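Structures for review follow.
Shared chain: chain A. Partners: chain B in the first complex, chain C in the second.
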Partner chain A sequence: MFPELNSLLGAGTDTVERGKFTLLCDSKTDGSFLVHHFLSYYLRAGCRVCFVALVQSFSHYSIVAQKLGVNLSSAKDEGQLVFLEGLRSYTDLLFGDNPEAEVTNPLCFLRAGSDLKPLYSFVSAALAPSAGQSWKCPVLILDDVSVLLSLGVPPLQLLDFMHYCRATVCTQYQGNVVCLVHGAEESGDEEKELLRRSLSHQSQVILWAEGLSSGFCKEVHGQLKIFRGAVSSGKKRGQTQPEIYQYKIQDKHVTFFARGLSAAVL
Partner chain B sequence: MAAPCHRGVSAGDDAVGTGTSFKRKVRGKFPAIPGTRPSVHNGQLLVSTGVPSLDHIIGGGLAVGTLLLIEEDTYGTYSHLLLKYFLAEGVISGHEVFVASANDDPTDTLQDLPAPLTDEILRQNDPKSTKEAFGHVEDSQDMMKIAWRYQNMPKMEALPILSSRFGHYYDLSKTMPLEMSAKSHRFFLPHVKPPNQKENVSEVTCNYNQLLEAIQRVVHQEGYDGSNPQKRPKTVLRVGIESLGSVLWGDDICSHERPENQHSLTRFLYALRGLLRTSLSVCVITVPTHLIQNEAITTRVRNLSDTVVGLESFIGSEMEANPLYKDYHGLLHVHQIPRLNSLISDVADTKDLAFKLKRKIFAIERLHLPPDLSDTVSRSSKQDLAGSAKLLSSGCGPAAGGQKHLDF
Partner chain C sequence: MMLEKLRNGGTPGVLLISDAAPHSGRELLHSFIVAALERGEQVHVLGYERSQEDFLLGFPAPLVPRLNFHDGYSDPLQWLGGPHSLGPSDFTAERIEALLRDSGSAVTLVLDSLSWILAHSPLPSVCHTLRELSRGQKGTASTVTRLLALLHKDLHDPGALRSVNLLADTVINMERRGDWDRVTVTHRKKSRKVETSEEMVRIRGDLSLEVFREKEMEQRKGQEVDPTANLTFNLRLSEAEREVKDSAILPFTFSDSKKSSLLQSGPGSARVYYDPDPADDVDEEDPDDDLDV
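For the complex of A and B:
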């Protein structure tokens, strides 16, 4: 959790806004630090989190979260965190010799080539409210939805899935959804661009990490654009200007500053 | 010579033994594997790529469990060489090697590895030169008593053939001696039997599927995935795959006739990533990205790899004649450095890198203008330099900055 980003977003660990869909984008840089922020923020705030990690292994997230002051293993044991390790599930799916486990595998749609219903039922089951829980609100975090595109899921099915997740988690359970999509403007990836545009249309907050247009810099790692409100809802698009901050990622936290006000130049 | 070897072996014991408090704390998580070292940044276990300057650029080495993607130069000359360096480093460090190819027979590739430049290893393997070396040692003991401190140095024969040092240099004019061969697994596509058609089509394309199964078999059988507690490997598995994504693998990712094959390469890479992350193995893949027409696929392939470097050789390009590049054989682009177990990645200071190949070294260095040594520099060549300096878009000082040259 980066306190500076929290203050920029007006969020605190005491009260958590509910029913929000946050989209994280990146272009020409790696926006994964935003995922780590939201994971540790919601865990600290005492929310029940379902984390669908498709990019990295559990140990990676766990070690980074430890640096940010959150213990993922204990959160998992206490039942606060439900962690889906996509890499492991996919190799189990390909090389596992247990047909029964295959049916319950959340990624089994990749083998059957059907829709993403298994993954959706996994998510909704993980976040369904149950009696005797002290956690605040359910949160779904998806690290890199665009990986599913690379695995051959058609973008429309993916959008359906996201819509179901939003309807269930945001509206029905009054929770939050956070998801990361890699930017695709420069590469001309039409599917990814479609996904990003559609999701940004549905989201309340967009955090967009961009590499500097002037190229790589040691002191400034990129700029973060914060769009609030439904961005592409016609009327608001012209009115809401994005807030732009530059950032520098350090070992355990990220510093944000106004453009051109890096500590290296002042 | 022998010192790093001893240090490498005893590193695991230091943590257990009492010793002084002035020792570096070593976690006993991994048994000391020859040819590896922990990263100073994130504690990841690293292996060398076989090219020390490349190790330096990608953050000290290749982390075990990750994938290095080399985007091939137009004719594949240098990328193939990098793959050979990677395999040769594995042979010297005593790692297990898995070579997969659809073009050259992996047996030939393994026989054609460059010889290491470590003197003691060469002497060990060449009996004639060993004799010479002994004679030389005796002579020197008789004749001179200058270097007392060398008397207690370990003798040549005490050294193991395998060197546990991290990173070596190689002599391209010699091939690796035949006695030095690691345990190797080969996957040569033309020799692999076609699969019986029971798999459904929505899977990875058949050839990739077979390759994946072959890798998984090795990883599982040799115990690299830790499934077999009796068979705990003391080495790392190095997987080298040549020209993945070329048509020789039966890949038609860019064809519109069978759009379901568009995802075969990315699916394969994702599954491979999952395999590598859960095992003690490391992988280098060369991909002819210039043959993949669809930029979107290239980006996805990059996103699914960990470290991505691209080679751009000057062979056949107009840059070959450019005086700016006369010292180099090509440019090296670092596209991606992984963020492993940390928020930050070890990005090198400069992105302008060039490589040159000599007989005994594959050097990757910062691109800079060659010194102007000639007395009478003609104006035209200077202007060429200035033009190319602008092309490089790096600050080159006022001398080469513009058209106005002062001739004194």
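For the complex of A and C:
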């Protein structure tokens, strides 16, 4: 969890805003630090989290989370975190020889070429409110959904899946959904670009990490654009201009500052 | 202003609001809905993209009960198998007419959004339905007098966009310019004459519009950026001020009165008497002789 990012977003660990869909994008840089932020933030805030990890292994997330002061293994044991390790599930599906396990595998749609209902059922079962739980609100984090496009899922099916996640987690359970779509613009991948645009029409907050146009810099790693309330109605009309900050990623935290005001410059 | 005329006058036919991420045209859609409700019309919303609570958020409370929301958001593909919600197959003129059966003759139908429908149904059938809804089917007049649809233009290929735009009577194209939306309105009149207009619009908190033509906007901008407007000091002098300024004597001016006041010693001023010590060895030629350099 990066406290500076929290203060930029107006979030705190005491109260968690509910019913929000946050889209994370990046271009010319790696926006994964945002995923690590949200994972550790929601765990620390006491939310029940379902994490669908499609790009890295559990140990990777666990090591990063440990640096940020959160223990994923114990959160998993306590039932606060439900972790779907996409890399393992997919390998099991491809190379496993147990047909029974294949049916219960949340990623079995990759084999059958059907819709993403199995993955949706996994997510909604993991986050369904049950009696005797003291967790605050359910949160779904996906890292990164565009991987499924590369695995052969048509964009429309993926968007339907995201639609159902939103309808169930955000609206029905009053929880939050955070989803990362990696660099769509520079890859020239039309499907990815369509996915990113469709999701940004649906999201309440978009965090967009961009590499500097002037290239790599040791002191400033990129800039973060925050689009707020593109769809939230009512309260803050006319404030759809993005806020832009530059950031520097350090060992255990990220510092944010106004453009051109890096400590190395001043 | 054309946009205001369209909003307040309630022009019949298909009206498209076409936007692109990340700037949403939803507020403009809401503004048109409020105008229709204020005219006392029946408004039916086919909501595929937002839940009912989210959609109704921000509407003035007295108007909400007159808005009929048909849910296509919670379970459009029947994955949950719960109570029936609208799906892609429900977007036909017959089904929609059935939904609207109980509500009078003048109905405003809102599609939120047409993009969702276009993604899930083939283009020809969507165009067919749009046409039947706006023109009436098989000789009978349609109950839908006005159709408002939100279209995310960055999600479709140019061919599909053209077909849908051609079917619409009015297309409102939105672009973001700073704090304002730049809106290009293309309106086809009944006489088939096409009118276009470019306007700048901002949506106020109560969902009413603030519209300017682009030229006026530029003029306004010129006025707005005048840096001398609210200064804490004066840039110009009035006549009286100029006189006072000219008559002021600056501290370094050496006038006669100043000279005399410096040369004349007033009463009680101090004087210095110097009485050389007999032991002093004053050398007239080298007064600094005693300095040890």
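Throughout what follows, the second predicted complex is superposed on the first by the 257 of 266 C-alpha atoms of A that agree within 3 Å, B and C clash if a C-alpha of one lies under 4 Å from a C-alpha of the other, contacts with A are read in each partner's own complex, and residues count from 1 in each chain.
Simple rule for what comes next: a contact is a pair of C-beta atoms (placed from the backbone, for glycine too) under 8 Å apart; a residue touches a chain by one contact, two chains touch by 3 or more.
Bear in mind that the values here come from a model prediction, so they are computed numbers and not experimental data.
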### Greater chain A contact set [chain C / chain B]
B
### Task
Have a look at where A:33 lands relative to chain B and chain C in the superposition and call it first, second, both or neither.
first
### Message
Give me the intersection of chain A's contacts with chain B and its contacts with chain C, in residue numbers.
### Response
none
### Query
Contact residues on chain B for chain A in the complex?
42, 200, 202-203, 212-213, 216, 220, 260, 262-263, 266-267, 270-271, 273-275, 277-278, 295-296, 298-300, 303-304, 339-345, 347, 349, 351
### Query
Taking the complex as given, what residues does chain A use to touch chain B?
30, 32-33, 36, 56-57, 59-60, 63-64, 67, 86-88, 90-91, 94-95, 110-113, 146-147, 149-152, 182, 184, 187-192, 215-216, 218, 249-252, 254
### Message
List the residues on chain A that touch chain C in their complex, please.
### Response
19, 115, 117, 120, 156, 159-160, 163-164, 167, 170-172, 194, 197-198, 200-202, 206, 227, 230-235, 237-238, 240-242
#### Entry: chain C residues touching chain A - in the complex, by the definition given at the top
20-24, 26-27, 30, 49-51, 53-54, 57-58, 73-77, 79, 115, 119-120, 152, 154-155, 176, 178-179, 202-205
